[in-house]
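Below are structures written as C-alpha cells.
Below are two complexes that have chain A in common, paired first with chain B and then with chain C.
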Partner chain A sequence: MTLAFAILAGLTVGAAIAAMTLRNLVHCSLCATVSLVGLALLYLNLGAEFAAFVQILVYVGAVAILIVFAVLLTRSGEAPAGRVSYGLWTGLGVALAVFGTLAWAIGGSSALKALPKDSAVPALPVKDVGDKLVGDFVLPLQVIALLLTAAMLGAIVIAMREAKGNPQPATRNPQ
Partner chain B sequence: MNPLHGYLLVSALLFAVGLAGALVRRNAILVLVGVELMLNAANLNFLAFWRYGPNPEALTGVMFVIFAIGVAAAEAAVGLALVIAIYRHYRSSNVEDVATMKG
Partner chain C sequence: MASLDQIFVTLKAWVLGLLPETVQPFAGVMISISAIMAVFPGIFALTTVVERKLLGRFQNRPGPNRVGIPLTKIRLAGFGQFIADGIKSLTKEDVVPRNADKVVHFIAPFVLVVPSFLALSVLPVGRNMAALNFTETGLLFFFAIGAATEISVFMAGWSSRNKYSLLGAMRGIAQMLSYEIPLILSSLTVVMMVGSLSLVTIVEKQTAVQWGVFHNWHVFTPWGFAGFLLFLTAACAEANRTPFDLPEAESELIAGYFTEYSGFKFALFFLGEYLGMFAISGVAITLFLGGWSAPFTFLDWVPSWLWFFGKLVGFILFFIWLRGTLPRLKVDQLMNLAWKFMLPMCLINLVVAGVWHYTADWNDLIRWPLGAALLALPYWIFSRRFESRFQTRTYRYAS
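Presenting the complex of A and B:
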C-alpha cells in the first residue's frame, strides 16, 4: 500500500461522504465530481489509462454537468430544509451491514491471499483495446450503441413538455 | 496485506457510502448520485481484479469497465430526465412527495 494510494483513497472516499452528507445540493454535486476525479486517478494508479480517460470524459465531463443542470432546473439548491428521510437509522444500518459483510469477506478470503503480492503492471496499449472492441467484443459494442440511442430518445421524450391536447390536471401534492 | 485488499476495501467503503446516500437522502438527484457512486465502486473492483488477477492480457476487466461506464451514462441521462419530468408535474424533486399510488 503506497502513499499515493492512501492519498487517492482518502480523497475519493472523503469526497463521496461529503457529497452524501452536505446540505446544499450544488456543493453535493461538486463533491461528487471530486470523488469521480479521485476514482479516475485510482484507475491511473492501477495502470488502466484508457479506463481513466473514459472516466474523465464521461463522468467528469458529461454526467457531472448533467447533475448540475438537473439541480439548477429543479431549483433544488434553494430548498435545503429536511434533507434526510425518515429511515435515517435504517438506511445507515443497512449500509454499515453491507460494508461489514464485504470487509469480512475480503479479509477472510483465501483466494485473495493466494495471489502474488506484487506483479508487473500489465501493458494496456490503446491499439489492443481497439482491436478487442471490434474483435471479441463487437456484439456488446453494437448493443451499447443501440442502448445509447434508445436512452437518448427516451430522455428527450420524457423531458419533453406534456402535449397541449390532453390537459393533465396539475395536481399539486398536498403538503 | 495485498494491495488488492486495499482497493477492495476502498471499493466496499465507496459502495456503502453510495448505498447510504441512496437510501437516506430525500432529493431524487442525490439518490441518483448515490447510485452512480455504487456503479463506480463496482468499476474499481473490476480494474483492481484486472490489475492483480492472474490473466491481465485478456483485458476483460477494462472492457467490462468501458461498457459499464456507457450503460451508467445512459442510466444517468434517463434518470435525470425522469427527475425533471417529476419536478414539472409535482413541483418537487423530493422522493417522498411522489406518493400518489400509496395505499
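Presenting the complex of A and C:
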C-alpha cells in the first residue's frame, strides 16, 4: 500500500462516512461528491485514465448535480428537525447483502480470469474500449439506451399530467 | 527561427539541467505549473482592462483611462487599472452573510478556480509545449474538469442563502448542463476524424499541408466549419458570456450566484470565469483552428506559441465584441436553442463528418458543396422553425 493510495482511500472513505452521518442533506450530497472524486483519483492512481475521467464527467458533472437538485426540489435542504431513525441492523444487513452480491459477481467474472496474474498494469487503449462497446457489447449498450429513453419518457409523462391537473389561467390573448 | 520557436522548451531543459537528478521530475512539474499560473492570470488582468475599455468605446464613452504606474505620472492609457483593482480586492473586507453556510461558502471559489487552472494545463500552447499530455484521454480530461465547475456554481449559490444567488445558480447549472451536450457532440466530430482524444495529436494532424499553401485546419472542411460555429456558441454559453449570461445577469440577479461574495473571493470567481473562457477558447483553437500552427505555410517562421496566443487574443476580443453587441436571451429561448436547434445540428454534423470520411478519394470541388448542402438544408429548416418562436411573442402591458 503506497502513500498515495492511503491518502486517496482515506479521502474516499472519510467523505463517504461524512455523507452518511452529516445532518444537512445538501452537505451529505456534497460529501458524496467528494467521495466520487476520490474514487476517480483512485482509478487514476491505478493508471485507468479513461475510467477516472468518465467517472468525474458522469458522476461529478451529472449525477451529483442531479442529487443536489433532487434534494433542493423535494425539500428545502434545511436540517431535519428530529433525529432520523437509522435502523442499524436492517441497514447493516442490506449493506452486507449488496457487498456479498457484488463480490460474488466480480469474483466470478470472466474478465478477472482473463487478466494476467502478474502485477503489471495492462495497457488498455481507449480505442479498444470503444471497439468492445460497439462490437461485442452492442446489444447491452442498446438495451441500456432504451431503458434510459423509457425513463426519460416516463419523467416527461409525469410532468405533463401535473400540468393537466392545474390548468394555467388563460392569459394567452390579454387583449 | 527554430530556436525562437522552442525557446521556452530549451529554457526549461536548461533550468532542469542545473538541478540534481533526483529533484528534476518535481522541478519540471513546478516550472510548468508556474508558467501556467503566471501567464494566464496575466492575460486575465489585461483582459479586464481591455474589456472595460472596449465596452466603453462600444458605448461611446472613454472607459478607464486614468490609472497608470502607481506613484508616478505615467498613465499608460489606463492599463494600470488592473493593479488598482487587484489591490482593492485584496484589501476589501470579506463579508460573509450571517445565515450563510460558512464552510461551503468558503470552499466554493476554490472549487471553481482549481479546475479552471487544471483545464488550462492540457492545452498545447506551442510545439512540444503541453504541460500535461494525456495521449489517450486529453479532451476527455478537459470535459471532465469542465463538468466539475458546475458543482462550484451550485455551492456558491446555495450556501449564500440569497434568492438571487440561488436563482443564478439554478440558471447556471441548467445552462451548463444543456450546452455541455452540443459542446461535446461538436468536438466529437474532430475526435472521430482524427481518431484520437489527445489534444497534441489533434493539432499535429492539422499541420499537414493542403492545397499548397494552407495548413489542414479542421475549420476548412464543411463539418469543421459547422462544428466550429456550434462549438463557439456552446462555448459562449459554458463560459457564461453574453448573450448567454443569464446566470449572472446584472440587471436581473445583481451578480447571480456570486452576489454574496466580496473582496478576494469575488476576485477568485471573476478569475475562474475568465480562465474558463480562456480554456474553452484554447480548446476551440486546438480542435478547429489548428492549435499552434500557422494558417499559411509561408508564415511557418512565426513561433508556434505566438500563433496560439495570438488566436487566443482574437477569441477574447471576439467575446468582448459579442458582449457589447448582443442582447441577453430569455430562459426559454436559451433552452430551445440548445435542445431544438443545436442538438439536431450537432447530430447532423456527425453524419456529415462520416460522409466526408467515406468520400476521401473524391475531388474536393464535389465533396465540399455536398457537405455544405447536407448542413445548409437542415440549418434552413431548423432556423425557420426557431425564428417563428421568436416572432410570436405578445406583450401584455407594453403594446
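In this text, the second predicted complex is superposed on the first by the 123 of 175 C-alpha atoms of A that agree within 3 Å, B and C clash if a C-alpha of one lies under 4 Å from a C-alpha of the other, contacts with A are read in each partner's own complex, and residues count from 1 in each chain.
Note that in this section a residue touches a chain if its C-beta (ideal position, glycine included) is under 8 Å from a C-beta of that chain, and two chains touch if they have at least 3 such contacts.
Note that the structure is a prediction, hence the values are computed from the model and not measured.
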Comparison of chain B and chain C by chain A residues contacted: B
Touching partner for A:56 - first (chain B), second (chain C), both, neither: second
Chain B versus chain C as contact partner of A:42, first or second or both or neither: first
Touching partner for A:26 - first (chain B), second (chain C), both, neither: second
First (chain B), second (chain C), both or neither touched by A:65: second
Partner chain in contact with A:146 - chain B first, chain C second, else both or neither: neither
Partner chain(s) touched by A:126 [first = chain B, second = chain C, both, neither]: second
Which superposed partner A:3 touches (first chain B, second chain C, both, neither): neither
Touching both chain B and chain C, residues of chain A: 50, 54, 62, 69, 171-173
Residues of chain C defined as touching chain A within the complex: 101, 104, 134, 136-137, 140-141, 143-148, 150-151, 154-155, 158, 173, 177, 180, 195, 197, 394, 396, 399
In the complex with chain C, residue positions of chain A that touch it: 24, 26-27, 30, 33, 37, 49-50, 53-54, 56-57, 60-62, 64-65, 68-69, 72, 77, 125-127, 171-175
Contact footprint of chain B on chain A as seen in their complex: 1-2, 5, 9, 12-13, 16-17, 19-20, 25, 28-29, 32, 35-36, 39, 42-43, 46-48, 50-51, 54-55, 58-59, 62-63, 66-67, 69-71, 73-74, 76, 82-85, 87-88, 90-92, 94-96, 98-99, 102-103, 106-107, 112-113, 115-119, 121-122, 124, 128-129, 132-133, 137, 140, 144, 147-148, 150-152, 154-156, 158-159, 161-162, 168, 170-173
Complex contact set, residues of chain B against chain A: 1-10, 12-21, 23-27, 29-30, 32-34, 36-37, 40, 43-44, 47-48, 50-54, 56-57, 59, 61-63, 65-67, 69-78, 80-85, 87-93, 95-100
